């Protein structure tokens, strides 16, 4: 056993009063860490606009916004799921199934409005199944992993593996048209995000979802309908995945069982990057949008810089870890450090 | 005797092979403070969870003001004016004080179907509530996670008594508390009593019940053993009943009842 | 702005066939003094559209596209066309006035021809009777290779396809699928594979089960196929020479940028590699 | 508010004593649910042997065992990770990187033994990074998701996208050879499983990993080296993923950056099917083996029946959910029900 | 005065801005039962966590039997014979009784490096331990999750005193317990004392300390306020010191000390 005594070597922290400058620096640090992803995005945008002439063009920014819109739409759903402490791995596969179904129905002469409503219903229905399994007590990861596998299988069964073209002008307009000068996918993403933001922060449903994720037992004894809430958030996620699937299919003018492979990982990354907790109880739709744009702009910027496409992947992973590290760990440390100075005032 | 506020009769509850409650009856009048005491695993918490709607009994009836009721969940019990302060407070750490206080009975705007929160209104009412109760929290919009244990308890108390409760159940509110905090809890109970609110107090600290209570109910092994008015008994008798599991007076009168 | 920038949006660099195409294009670009930028959407249609849009955004002089799903690109191609960017399409034809040249092998026709070669082998060497296993992956191109083959096979009444396996273009999957297929169908004596991983997986599966099977397949001649060809396990093999496609796409686009006339279609015929002509084609 | 009284309608359960027959039936039910996956596997094997003549042949069984061996090897690592309450999504990408590295090194003339040791080191090293990030407080899902993306990127960067053949006879022997009549991959899987089983149940390390997953705070105050344990389990998982990568590369005589795509999901499914808890604290290596074989035999059986390969995916997902439902939910219910009868005795 | 078993001197500990302990000193002799009392947030648990190695102090020294020690973690403290029974027992629910008891100090076989468990040996020793302590659990190989609260406490107690502890720290062992269970805890403390083991008992129930303790140490706001032999004080004086935060005797002698 070691026999070395503790010495009172550390300075007496509570006694060291920070100067005014110090205080301002600390406040800035807290602020910087809290809005870390957002600041990261801004820095990246500025750096890129110096590195590539093509980056800060309206065309490019619009392109990226369009590319990101399905991720934002699906990310809003995932934000609600994660607010309750769940996860939804099945959304990429729902995109595939929905794009095949919509294409086939349109080819069979179903009116586009009806086809769209139909696939939204299918997406929400698959979400209800996910939610029901979670409610039965299956861990969300497993329930939706099974969905990931089975639903893509269904897409292949239904389409027999073939991708089919979409020719319906209304659906094509959803993917590539514009309304009042704004591209339709961007418009859809903006509406979904606005509704999502409102629902999460301003409605009973949003608060109940956060309470369920924050402490399930407390939500239960306060009489919240936990089971129904679970089914609801997965249904929303499934429905928004279907909407994302429509956008993807319309953008590609094509319904394919290979659509959306790995999209669930992009969606989850965006939500986590945005600052929503993977463990539930704390969620932000605005953060999800920032996270989704961050991922897209990193890819886009590296592409414009002619970086070897393989390196883009490597960098994306590293950025994910770095941002989460900043968001969760540093956040705690810095906030605690700042509270010291606050109580010193 | 007038109609009691709450009357539970013949309540039974099994957990698997464990018979937590068997044919238990209990009644509380308005403004009455009832001390529910008994050894560990006597069934006190289970009985109160039945009353607060958290557990469904396997059998028996509950009446509120003489009318039979069925609670399908905590929501129903709260609607009937029965509130419970859980031992762990049952607060959601990530939500704010206001959000916790109104959890499950949010104030909604008039827009139909949409269930939009009136956030400013709730904040104001929460502030008013704390002022009227003489309790203090740093800010009603700070997350409960950032409050100290005592402040969290204040939130739990405010939530339970802020909504015209007729009966407040407290499950061991003074365990882990120091003397000054215990005094505050006692004050709160006394104030509730004054306002005509009934209180059921589960506590291993008999002195709490003697200080603010009207009546003891002693439980053991899922049965109610005895009932005593506070003025008619002493700590010694209650402890003997808790330990032995028999009503000492009955036992004296009828020796065959001993050692059931 | 003196050197033209050509954007090459490939299919997936995870497949050697497409790497060779890029190789051919790089060679031509270096020779002709152009900058070549390669984008790899990794067989993801959505990413391919994004990459294509990035090329428009960075104002590329011309774009070479190897479509994953031909219909998906209609919108962006129109955008590029309106921005005055000429486009060359590889392998899969795209109907659009802005695609100035289509290069590649007509997959269905070529596979029907190859199917006739296989039919000849079955009639000549196997007495006209064969139990065939098909190994494919669900992409537009590979499904066309299956359909052309089946078309040709109609002429040989006693050659029947008894099973189909999906290798998903991933070697492990292909090998597992082939192993299962061979186990379930001990009668299989011919395998037709529509792509590299499928053929390679089937070869390995047959080897591990010690089966005598005549192999026919597609794409390129990577190292693993040389020995089976020499040993006579692979009877015939369609070599597409994707380098030619990549190289010619760059050449045509450079001509187009200079205002010279170019053909709207450029087809080159694939070579069927056998034991006999292996050496001159390596 | 409803005003309906509870009635003592339910029978007095504690009073109803089960007969001897009843008791035996209950014991059987408990046993059946506890070994649910195993029984499922046996039933499937029997059913298949009636449905397909080719199923119960030595050749087929050996094939399936060989196909399953990398999943078993990697599943043992994942079992340890999940014992601590973690998850490792990066193993499929490690397989890819390792197969590229090994192939390139062998082509450069590195002796096979050295090359194998080298890539095992690389796998374990990547695991150490994963573990270190988890120790820093990043949720395991995110830390290893970043690994999944970055490490596959590295594999592509290193190989430049090209698959390369392996010709070294020793390495090929690992994939296709046999020792004393047993195929080498099966042998490796058996050895790894045996060592893993021993380590989990019989060594201090195993108990400490389970304690960490069971209740981290208790493990901490009991003085367990939680941080080191986390790094260790991810290092093991990474090292075993590298070993799995060697088997995969050797079996395919080929090192490819595309190797192991989606393998992490198979591995996780196998572990969960085996009965290891996703939340840590309870784990079984034997179960993982059964789970891995179950998945493989389902695919194999459906393939032998010439079921449309797309349906195989659909069924796999459904089986996953059904088995986990049986394992976790029913297990609890039935065991509680059985405890009633036990205490009645 | 002989060398005390444990001597803590000048211990300070901050959590961010919260000064939980400032220059605290404390000593315990062998076989001494010390009651550590004080209001909520006085710093009792923090001081004991420093002593059990769970927290590192910001400054100060700890001596065991007169020799200065530095604890780099709970392991070191346990090696020095200092055990703590945590309020939540700190058991791992999924592990068996034996595994919990030996957690962190497993009995290993002689094979070098491999750290193989001697499972049968540990099971036997665990059984013997329970017998010798007079405690009962259903089976040492059943998971702790399946035990009742009282049985879990028995496991926590057995773990703390089964390994030649010199000092056992108990953090509010009687909160939430009924009278019979409290009596058992008191018995355990008395038995430890007989065996020469020192005990530090944190409790809000002063009667526990009066029943089995030798000395009170009163804390408030991170300071030690006063020390009293049990025979030399009464509940009233202790409560007054807990509430006021001043040593009433010193305060009387030196009025300027009041109201610090």
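We call the chains A, B, C, D and E, going by the order they appear; numbering starts again at 1 in every chain.
Everything below uses one rule, namely that a contact is a pair of C-beta atoms (placed from the backbone, for glycine too) under 8 Å apart; a residue touches a chain by one contact, two chains touch by 3 or more.
Listed by chain with UniProt protein names: B, E = Simple sugar transport system ATP-binding protein.
Remember, it's a predicted structure, so these values are computed and weren't measured experimentally.
Chemist: In terms of touching chains, how many steps apart are chain A and chain C, taking the shortest path?
Modeler: 1
Chemist: Hey, if chain C just vanished and nothing shifted, what pieces would we be looking at?
Modeler: Chain C out, touching clusters collapse to one piece.
Chemist: Could you put a whole-Å number on the gap between the CA centroids of chain D and chain E?
Modeler: So the centroids are 42 Å from each other.
Chemist: Rounded to the nearest whole Å, what is the centre-to-centre distance of chain B and chain E, using the mean of the C-alpha atoms as each centre?
Modeler: 32
Chemist: Once you find the CA centre of chain B and the CA centre of chain C, what distance in Å lies between them?
Modeler: So the centroids are 75 Å from each other.
Chemist: Tell me, which residues of chain A touch at least two other chains?
Modeler: Chain A, residues with two or more chain partners: 156, 161, 310.
Chemist: Touching at least two other chains at once: which residues of chain C meet that condition?
Modeler: Answer for chain C, listing residues that touch two or more other chains: 13, 40, 166.
Chemist: Chain B: which residues touch two or more other chains?
Modeler: 76
Chemist: Hey, which residues of chain A end up touching chain C in the complex?
Modeler: Interface residues on the chain A side: 52, 54, 57, 59-60, 63, 66-67, 70, 156, 161-166, 172, 175-176, 248, 251-254, 256-263, 299-300, 303-304, 306, 309-310.
Chemist: Can you check the complex and tell me which residues of chain B touch chain A?
Modeler: Residue positions touching the partner: 52-54, 73-76, 78, 84, 86, 90-95, 99, 103-104, 106, 108, 114-117, 119.
Chemist: Using the touch rule from the top, collect the residues of chain D that touch chain E in their complex.
Modeler: 202-205, 207-208, 210-211, 213-215, 217-224, 281-282
Chemist: If you look only at chain B, which of its residues touch chain E in the complex?
Modeler: Going through chain B, the ones touching chain E are 38-42, 148-150, 172, 175-181, 204, 239, 242-243.
Chemist: With touch defined as at the start, can you tell me which chain C residues reach chain A in the complex?
Modeler: 13, 37-40, 43-46, 49-51, 53-54, 56-59, 69, 71-72, 74-75, 138-140, 143, 166
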